[in-house]
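Shared between the two complexes below is chain A, which pairs with chain B and chain C, respectively.
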Partner chain A sequence: MSSHRHRVTPLRALKGLVLLGFAVFCVVPLVWLLLAPTKTDAELVSGATMSFGSFDQLAAAARHLMDYNDGVLVQWAWNSVLYAVGSLVLSVGSSVLAGYALAVTHLPGRRLLLVLTLVGMLVPPTALVLPLFLEINAVQLTNTALSVILPAAFYPFGTYLAFIYFSTSMPVELLEAGRLDGLSEAGLFWHVARPLATPLMGLLAFFSFVANWNNYFLPYVMLSEEAKYNLPVGLGAVISGTPALNPANGGSFLPITRPEVALAGLIIVLPIAVVFVFCQRYLVRGILSGATKG
Partner chain B sequence: MKLPAFPAARRAVPAVAAGLALALTACSGGASTGAAADDPNAPLLVWTDSTRQPAFEAYQKANPDVKMKIETYDSAALLTKIQLFNRTGKGWPDVLFDAVPNEVASLSSKLFDYAQPLNDLVPADVQKNFGTANAGCTIDGQLYCLKNDLAQSVLWYDKTLMGEFGYEVPKTWDEYAALGQKVAAEHPGYIIGTAGFKFVYYDFFWSSGCPLQTVTGPQQVKIDTKDPKCTRVTNLLDPLIEKGVVSRSGPFDADVVKLGKEKKILMMPGASWYGDFVFKPESSYALPQGRLAAAPYPTWSGESKAWSGATGGGIFLVSKHSKNKKGAAAIAQWMATDPGVQAEAPTYPAYGPAAEAWAAKRADDPFYAENPIPALKAQADLINPAESNTAYGVEDAITGTVVAKVRAGGTLADGMEDLQAQLTQLAQSVGYAVN
Partner chain C sequence: MSSRRRGTWTGLLFVLPYIVLLVAFGLGPAAYAVYTSFVVSAPTGDALGLDNYAATLGDFRFWPAAANVALFLAIWLPIMVVGVLALALLLHDRPSRFSGVMRLVYFLPGAVTGSAGILLWYCMLEPSISPFGPALRAMGFERGSDVFADSNLVLIFAGIAFITGAGQWIVIMYGAMQNIPEDVLEAAALDGAGPIRTAIFVKLPLVSKYVLYMVILSLAAGLQLFVEPQLIYGITKTAGSPWWSLNQFGYALAFQTGNFGGAATISLILLVLSCVAAMLFITRTDFFSTEVDR
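Up next is the complex of A and B:
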């Protein structure tokens, strides 16, 4: 039986080749990105594509990025953490509470709210930029951290996911038992629903973090002061202001070239990879929850 | 609320930002500028690119009493940001370095309401020393910016190759065309220029005086791609493109970079910064020392002067919303004119005396076969004044029409009708009467 399972047939070999092809297709650009900052600009242009440069060059690229504007990169990284974590807390908190309320209570207009939540998911985010800017400007909050964090409270995807999760994965009997034991509605959420929703919150936290960490357009519009940029907006400004990716920008002695830009890309991506590793367990559980009903 | 992730959003930004700017204009009545007296102690916000940042910091160091905040900004976001500031009524940079000189037309327009006229803020003798360099900064008789550097076109050529092949450097575009035919026949694989990039406008059409941005009066512009000064460009280049001696790619495309590294670029009409930043770098053409030279630009048939185009050249502006306009203008003036700062600048200074200091430092660069400064200096005063800065840009239209046709295997002439239509539409959309 075992030998039969491992026997190499033409079909099995073909499958393996196709899968290997896809793997190479996906992995090669990532490996290239990892190797790029280890080379000089000239090596990157004319050297072997997948070659390794040197650790010295990697350190030089990091130094050039860190030297840029007296280390403003560190400030941008800190801002990114602040905006992403602040938005995460707000978006996960609001969507879990809203989803729970929609799932277990009989709010008047509940169906309408659910439909509006779905509509909210369909509206292109860029369409909301102008009204959002005017709204934030009306309360004098432009160019502040809150102008980037507060809009995160509107997270229709998270609300709908939480609604589905609580509707399908939480036995009504548990809540009834809690009520019989004298728990208030708030107590029911805190002591019964919340512990059961840990995978959901892990899943939402991951999606929220990724979206907010990568958030470009909202801070791009809301923030005008360089020291308040997050990493994507800041690094975007670095890249657009140098001839690194756009030689038509003309002459510059700045040491921001293609390897520095590649390193900047890695700096943005790295935290997401780390968060993914920590959230992986919750991601799988969260995604599968509600998929089957016992 | 989750907004788009970085790469996708970056691509979407220009289009969305343009819509946003228009929408903001529609719902704002324009910011009030006020007529408050100048406060010499008011803090000054400076927006610059990274290249100019150390010079601004040097000014701050030399003038510790001036309250300055120096920030770099995303140049692609500038016009959108100014519109947003007009809406919020605050945030405008007092001093602005803009790498896109054409934007002075927008920034001085009522739509953006940003640029402060500098006629009375910059001494007359300083203005005079700029020569013709500030021509593009002057709109309806008002000086709205100071030019930082010039990107006048010159004819770059490989002196070693020209000697080996026994060719003379062309002095007219007719000679250039004849030499191109000769190169095609005698040395196939070598090129004498490129046409597959938006710079074809600056290098050829602008130099020829083809009316694509010819301002004829306030909010009036002439756009005529059938003008003989346009057709002489297509008549010159299309046969050379067909023969392969003028590349269908741009100067930064991989195939042209490869030709550069193989020393197969015989000539290249291009900006004054090409020598140091296109031919010299290891990551670009990496031409060995002692080969490159610059010649004055060829003259178009029937013209008395060898007109150049101008591929960029940054500008300094002062905000009309600034509470300290004199202080802001002093910074802009110092940045544009200080010989110490400009002598170390990467590109050819616009201010005459500063250009002398810059030239003195580069005259003996062993990279060049002969001193390129005389050619650069000659062309600095010959940027064709027929074309001006306008509130519409031409680069995207050039890329989408003539350049697209050439890159797809067609001719420049194939794209001229579309270019006329696109530019006319663009000009009218920002309020110009097109004639």
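Up next is the complex of A and C:
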């Protein structure tokens, strides 16, 4: 049996080759992104593509990036945190409360609300960005933090996940016992349901944070002032507004070249990627639990 | 009875924040876009009723943009279905530590999305700095402008979307295959089915609804294509245009010519397509449920 396991047949070799081949396409670009900020722009072109430059060069790239427009990058990072955390608090709070109520009480219009939630879950948020701009513009809130935070607080995915979670893993007996102990309905949620839902809230918080941290289209459309950008929109402005990535489009007096831009990309990606690697299992379970029947 | 009524009132209070968000940032913008599309005139004349629709559909930029998006979907969706299923089946054929590592590796590119993703993949496709430079040159691409030619854009966007999106779906399909009962697979083996026949006739039918889920979500997301063509045009100034995709066209209408009515019509066309796909999926499959058996 074990000799069978280790026999290398042409078919098995081909299979391994396909799997490893795709892995190369996944890993090489990420390693390149890690290495790029350690080199000068000239070294990126002339040197070995997958080599390490020097820490001095990395520090220089960081300095150039910090000097860009009087340190606007720090402002963008701060905005990113503010927008993502603001939306996170509102979205997780509202969706956990709603999911709980939909699961344990008999509300009028409950089915309609759930169907609307499902539609909201399947329609990508980008589909509503231009209509949202028209609406927010009509109430004159564009170019404010609220114009980015509030629309992203609508979180149908979270509400549906919370509904499924409370429906399937919240013992009815616990609620009954709580009622007998004289807890109010709000007290039941706070003292019985909320502690049980801690893993759910962690999952929803992560999903919400990642989506909003990476959000491009909504802030791009809502925000007109550079100082209000988040990191992805700021990076987008740098790579499409300067010849940094495409020196063929003319020279620049700015020391913002490809290593600096790569470093900016890393700053956006690293916080997410680290959590991504550690939470992969939970993330997948979260996506899967959208379906009630495995 | 009185406790149930009390529960209903508290329940309503609990869903209220979510309903407010749903109305303000889900239904509201959609309704306002309908209003805008019928009532708000283009700055050039008095467009009312269906005039905005006629003007948008008759615009020289509309059909090329629609064709670009349709071609992108026609290439990307089959690649997703075949690629994701093939890789997941190969990984599931013989679960091992190797297959676990591969699943994590395939997941990683998904962390680099939006503007950071475009930055990364632009560099990967620029022969002078890309680690894949020799391969690109072997295929006849000497300079970045050879790669970023109009005729290649659809393929480039489909490739990027596949590499960044495949990982999470591979993990999901793999998870779904793990749920296939052991005795079903044993019965197939007893019947003399080899790994390939088992994959095609046993595993595939059992994960088909996850494939449908992936297709619906990908279709809805792909219709909204915006960041990729917008930034690639911004970087190269030659590949694509500011109205290469439908969402770009809508954005250009709103922000270059102040034609909000026209922008609203584009958004609504995309929104209706997404909603129809979502409703079909919700009503024709048992993937989601609004009633959960306790």
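Simple rule for what comes next: the second predicted complex is superposed on the first by the 244 of 294 C-alpha atoms of A that agree within 3 Å, B and C clash if a C-alpha of one lies under 4 Å from a C-alpha of the other, contacts with A are read in each partner's own complex, and residues count from 1 in each chain.
To be clear about the criterion, a contact is a pair of C-beta atoms (placed from the backbone, for glycine too) under 8 Å apart; a residue touches a chain by one contact, two chains touch by 3 or more.
All values reported here derive from a predicted model rather than from experimental measurement.
Legend: residue contacts after superposition of the two complexes on their common chain; A:Ala36 is shown touching chain C, with no touch to chain B. By the touch criterion defined above, A:Leu114 reaches chain C but does not reach chain B. Applying the stated contact rule after C-alpha superposition, one finds that A:Asn69 touches chain B and leaves chain C untouched.
Once chain A of one complex is fitted onto chain A of the other, the partner contacts of A:Ala248 extend to both chain B and chain C.
Applying the stated contact rule after C-alpha superposition, one finds that A:Asn212 touches chain B and leaves chain C untouched.
Note on chain A: of its two partners chain C and chain B, the one contacting more of its residues is C.
In the superposition on chain A, A:Val233 contacts both chain B and chain C. Once chain A of one complex is fitted onto chain A of the other, the partner contacts of A:Val221 extend to both chain B and chain C. Shared contact residues of chain A with chain B and chain C: 44-45, 126, 128, 130, 132-134, 151, 153-155, 214-217, 221, 232-233, 236, 240-241, 248-249, 258, 268. Across the complex, chain B meets chain A through its residues 1-6, 9-10, 12-13, 16, 20, 23-24, 27, 49-51, 53, 71-77, 80-81, 84-85, 87-88, 91, 99, 151, 197-199, 251-252, 257, 261, 271, 273, 276-278, 281-284, 286, 311-312, 346-347.
By the touch criterion stated above, chain A contacts chain C in their complex at residues 15, 18-19, 22-23, 25-30, 32-33, 36, 44-45, 49-50, 90, 93-95, 97-98, 100-108, 110-111, 113-124, 126-128, 130-135, 138, 150-151, 153-156, 159-160, 163-164, 167-168, 172, 179, 184-186, 189, 214-217, 221, 232-233, 235-236, 239-241, 245-246, 248-249, 258, 261-262, 264-265, 268-269, 272-273, 276-277, 280, 283-284, 287-288, 290-294. Within the complex formed with chain B, the residues of chain A that make contact are 40-42, 44-46, 68-69, 91, 125-126, 128-130, 132-134, 137, 142-143, 151-155, 157, 208, 210-212, 214-218, 220-221, 224-227, 232-233, 236-238, 240-243, 247-254, 256-258, 268. For chain C in complex with chain A, the touching residues are 3-4, 6-12, 14-15, 17-19, 21-22, 24-30, 32-33, 36, 86-87, 90-91, 93, 98-99, 102, 104-116, 118-124, 128-133, 144-145, 163, 167-168, 171-172, 175-176, 179, 213, 216-217, 220-221, 223-224, 226-227, 230-231, 233-237, 247, 250-251, 254-255, 260, 263-264, 266-268, 270-271, 274-275, 277-279, 281-282, 286-290, 292, 294.
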